[in-house]
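Both complexes shown next keep chain A, but they swap its partner, so chain B is in the first and chain C is in the second.
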Partner chain A sequence: MLTYNSKDNLIFKLHPFTQMTFIGIVFILALVFSHPIYLLVLLMSVWVVIAAAGNLAEWKGYMKFSIVMVLFIVAINTLFARAGTTIIYRGPEIPLIGSLEISLEAIAYGLGMSVRLLVIISIFCLYTYAVNPDKALRLFSKMGGKSVLAITLSVRLFPLMMKDFQRISGIQRCRGVKLATGSWWERARNSIPIISIMLLSCMERSLQLAESMYARGYGSGPRSCYEKDLWRPRDYIILILTTIAMAVGIWSAVKGWSAFSYYPVLEQVDPLELIGAAITALALLVPAILNWGWMKWPILKSRI
Partner chain B sequence: MIKNSFIYRSRYIFSILIILLLLSATIIPENPLYNLNWALLSTLIVFLGILAFFWQFEKKQMNSKMIALIATMSSLAAVSRIAFSAIVSLQPATFIIMITGYVFGAQIGFMVGAIAALVSNFFLGQGPWTPWQMFCWGMCGALASMLSLKQAGFRLLSFAVLAGLCGFFYGWVINIWHWAAFMYPLNIKTFLAVYASSLVFDGIHAVGNVVFSLLFAGTFYTILCRFKKYI
Partner chain C sequence: MADIKIQDLSYYYPDTIKPALNRINLDIFEGQFVLIVGNSGSGKSTLLRTISGLAPGFYNGTLQGKISLDGKEIAQMSHHQLVQEVGIVFQNPESQLVMMNVEQEIAFGLENLGLPDKLMKRRVMEMSSSLGLSPHLDSNVAELSGGQKQKVALAGVLAMHPGVLLLDEPTSQLDPVAAEELLNIIRRLNEDNGTTIIMIEQRLERCCHLADRILVMDNGGISADLKAGNRSSGIWMQKAPVSYLPPLPRLFARAGFKDLPLTVKQGRQFINSYIPETRGQNSFNSALDPVAISEIDSRENLVDIQNLWFTYPNTGEALKNVNLKIREGDFIAVLGENGAGKTTLLKNINGLLKPNRGSIKVAGKDTRELPIEDMARSVAYLSQDPNDYLFMPSVREEIQFTMKNLDLSEDGYGDEIINRFNLEPYSQCNPRDLSTGERQRVALATVLVSKPRLLLLDEPTRGFDYQLKEELGKLLLEINRQGTAVMMVTHDVDFAAEYARDICLMFDGGIIEQGSKYDVLQHSTFYSPQIAKLFNDIVDDVITVNEGVKALLGLTTSIKSKEIVTAL
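What follows is the complex of A and B.
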């Protein structure tokens, strides 16, 4: 049911804090960078890490769905941006928009922003598939016990209610209630009993849950700890290197290297300015490299 | 009472001042926040809004019944988001969150909305849209509870109208992020273009909310009110 599926590789065996830090840093860098090469390099390193985690199949699904958004972004940008000077196509007058002008810069900007979107979608794909939600939530349980408890309970109840839903709608079908056929309004009306039965059983369950929590002494004293995540050398290595990537990224942003002016004319790319991109990419590739070593040499696996 | 309302008002003004300060810092040149990415900034503001609600929730004395209620209702909303779209290609999640907020108050309404968005995304996929969905659904629950303060008992018509408005509200808030993150130049034209392109989706959402309110609101209200006596 959950999108997270445990796998035997390094990315899955990291401490949740390390995973979250890596994902958070890539997300921030994607928003800080605007240079297309910086963004492409970021996309590439995320792609390699996703491949190392063994989630490429799911990532492809994500990419298919984002292609639509990419087309949309490029279209709106080319139609509305007026700041470009290299005009490729000049079209007729259109109401609301004005005269139709398509400039190279606007297309380039649309594509650059699309790469940013792809980086963001990819990094969230990694989060969805490689981070255990329970472990990630546990990181916050020190700060907010009650809200994290409510979220964890809700994550746990979700599959249960999904089963309830299938059971109830199956019973309704056996009694001859049409859910899959008939007009839209009929189907909507036929689903009323299902949803009210679900609400009733959900209320019943909530009361039982509360009684069970009370019987176990919820709130009677300080919370105990059921399971602890271990810190291992690999976590320290990756944490240090992702922090370096962040520092280099911010530094090149402050220097203006990771910025790129699309308008009025596309900026010339200075190879020297790409050093920041190279260092960031190398530092962000470390989880994938370590994973490769972990698969190849058992001795490295036992040490880190 | 007077003192209390004074504190509330000053807090209200204070938080608006902070948001205005953050916003103006990005357009006044020569300070470290100048020209900060608007997508990042807007997500930050939304995140702070969610955090404020969660913080209030943490401070309040809660018994196990309330926590169990929040968990089950948000789980129901999350399930309905997936299961019902298979039957009628509309999702009653917004409606479920709103009726919970209407019966149980702003705090529980917001928490149910925010947790429903977060939890359903654990199964559908997390993204940068998660904090925005959490905020929007939470606010739908809080808005419904405001309506319940204005009128005694339950009136179907006003609830259905608010549900329809919330459908638009949900899309319009999320559009802000879409516009700030992916559009250039950030001007009124692209802003309107984004809003125009989402109009159909928001309209479907709003119609769905009204339909679900007309179909389910009466039953849901009675069931939830009966349960409220236990808490």
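What follows is the complex of A and C.
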């Protein structure tokens, strides 16, 4: 919530629905595809869009910790998968695991799955940094009534509670409550007063909030929805093309092109089957291409 | 726009036998500006809740009698209809804002009414431009100041176009500048749009000149209904109980005057008409005699701040090269606008923050080397909100909790402090069930039980009426007399002038002036109490109410004796 920082580029200036559709479609395709090339192409598109959004620095941070996970996945898969037939290393007997056999297929499978993980982490990174949480919630508020309002309220109250927590801990420390010294258990026990005060204050505050909502007619009849975000040609262009990417992706999956069998031997790649990947990638790159044009030609800025 | 007619209104909260409102009869006409005053628990808020339909609509409970708007009984109106007729704004802006974004917040009520998008846009536009919120429409509510938040809350209610606007102490949580701005908006609404306004407010000096009518409430009923008539005249005040009068008219009332001025200008005209020739000749507290000065110097330094600099990581420098000494027996008030660094200074003294550069020594020890828990024994800190202290099931346990934390022995001092603060009747009560003033006394007792040498207070009078302020002031003077130095941060210049001995003025992270209140406050334009402004250039060294009464009596008697002399 607190990580969003508005930037002046096309990705940030999209309608939240467009942003969420792009993110949703990439996420679904990452789950649908299992072909390593399809997944790599997806990763590349997301990477370019993140770069266009100007969030590459944050993405690198995400990647650093993901690499550890990737190594872990590959290692585990290599050690435990037995389905591969191209053995590249045969080691000694190890208790619990049995004889150590490392196959090419197992490594490839681990790598393939890692690419999928990287796509999902990257798209999550894009969501965290480029989508205004307010706008995203507003989008959902049209769909669900009370539950979305509850989320909105808790998001609004969260920074307040953080402030409460800091203030109350300070005050109680001035009253001799030890929060910085002592064992973990003692500190946990000593923070009980702070938690109780926060709970009491929260309950009082929620009653007052409910009163204020009632006084402004909440629950008095059907609600309407205040539209704040505007639609621009760029949104339609991107929506159409991401939908095409989705359709082509699904079609490739139905055709079996985007599937890949790792075991027992790695499947041969038919270049024709990669047409789906190419079209998907091109369509998903459109936001980045538009952003590039947007930056380069002011005329485009005013047109779309 | 509507006339409000209240007939035989009684209201009981659920599961109570004592009525919160008792047989109230009241007519309020369209376009009136009505002010409600009264002690806590007198039924002020409940009256607003019944008019807005919150009681019984939200609170349940039993309502007897009738409230009608333009002849239509509100019990017969739907929730949907009623919220379009009557709007209500509450005390605390934090707990009435729902959405994260300002524009969404203003639109929230309109969405609840199911209005079409086009109309909502128009209303949001109108409200934000008339309240000066347009630059903040895209802002996150959490980023706004208290005054701005309260304006957003007001805009959200006004967007629904209510004919009657109810306000429950809307300025009590705001600093004086923000409070003034909000009251101006409310006055404009009343004058330009004819909106009926009913407002509860404790600090009458801010707003009694706005009202047409003042209702005094007591024990669930209306004990006085005062028509202000001409707004600038203070005729109504002759009939009002003295404890509800603002400091200026109260001063004249206590000196036995019949005509009570409302503003400093009127008051000075009064005084000048009595004594045109005595200008600048009278003085009460002649400069401190040499003995007193040497006494001051010999006192021990409790806190010694040298070249203190403090920077917050995100917002920048908050304190810039502050030098200050607090000696035993001092009573210092720190004044200054928001963001001047007052609270940061307090937190540096009590060890919550540690200096970046320079040093603070408390009783000779550098605060950097003292854990905050150890400092708690010698420095007590009372924050703005007493609720931040209270969680134990009874007052006594609350006080014992501090004693246990600080390993203080049970030498009966806990009971002594309960008696001293008049908390004996409530010692078994849950502190959260007490009134604002009582809760603050409990919080004060919990920090003073360690017999600290210094007491720090942050905005202790926020949301207090005159009576509570006087009680607190007297208590602080007593604590000070018994040997605890007091330093308080406040926006309340009158309170500081009345009770503190020294004043410290802060601006932009530095101390710009410091000294006796007579030197600092007397000739200032902004940081000067009303009483000092009243006697400025007429009688010197008059700052507190008592000095004011003495000065007034002195002037009038000298005139009388002169009159006698000339008559002879």
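Criterion: the second predicted complex is superposed on the first by the 297 of 304 C-alpha atoms of A that agree within 3 Å, B and C clash if a C-alpha of one lies under 4 Å from a C-alpha of the other, contacts with A are read in each partner's own complex, and residues count from 1 in each chain.
One rule holds for everything that comes next: a contact is a pair of C-beta atoms (placed from the backbone, for glycine too) under 8 Å apart; a residue touches a chain by one contact, two chains touch by 3 or more.
Because the structure is a prediction, the values reported are computed rather than measured.
Of the two partner chains placed by superposition, chain B and chain C are both touched by A:Y214. In the superposition on chain A, contact of A:R187 is made with chain B only, not with chain C. Of the two partner chains placed by the overlay, only chain C lies in contact with A:P222; chain B stays clear of it.
When the two complexes are overlaid on their common chain A, residue A:F80 makes contact with chain B while staying clear of chain C. In the superposed model, A:L200 makes contact with both chain B and chain C.
Legend: residue contacts after superposition of the two complexes on their common chain; A:W292 is shown touching neither chain B nor chain C. When the two complexes are overlaid on their common chain A, residue A:M161 makes contact with chain B while staying clear of chain C.
In the superposition on chain A, no contact is made by A:W251 with either chain B or chain C. Look at A:V32: by the touch rule set out above, it reaches chain B but stays clear of chain C.
Shared contact residues of chain A with chain B and chain C: 133, 149, 153, 155, 180, 196, 200, 205, 209-210, 213-214, 218-219.
Contact residues on chain B toward chain A in their complex (touch as defined above): 37, 39-40, 54-55, 57-58, 62-65, 67-76, 78-80, 82-84, 87-88, 90, 92, 111, 115-116, 118-120, 122-128, 181-185, 189-190, 193-194, 197, 211, 215-216, 219-220, 223-224, 227, 230.
Per the touch definition, chain A reaches chain B in the complex via residues 1-4, 27-28, 31-32, 62, 72-73, 76-77, 79-83, 97, 106, 109, 113, 116-117, 120-121, 124-125, 127-128, 133, 144-147, 149-151, 153-155, 157-158, 161-162, 165, 169, 179-180, 184, 187-189, 191-192, 195-196, 198-200, 202-203, 205-207, 209-210, 213-214, 218-219, 262.
Residues 133-134, 137-138, 149, 152-153, 155-156, 159-160, 167-168, 170-178, 180-181, 193, 196-197, 200-201, 204-205, 208-228 of chain A are the ones touching chain C in the complex. Residue ranges of chain C in contact with chain A, taken from their complex: 52, 54, 57-58, 78-80, 83-84, 87-88, 90, 92, 94-101, 103-104, 107-117, 120-121, 124, 140-142, 153, 156-157, 160, 347, 350-352, 371-373, 375-377, 379-381, 383, 387-391, 401-402, 405-406, 432, 446-447, 450.
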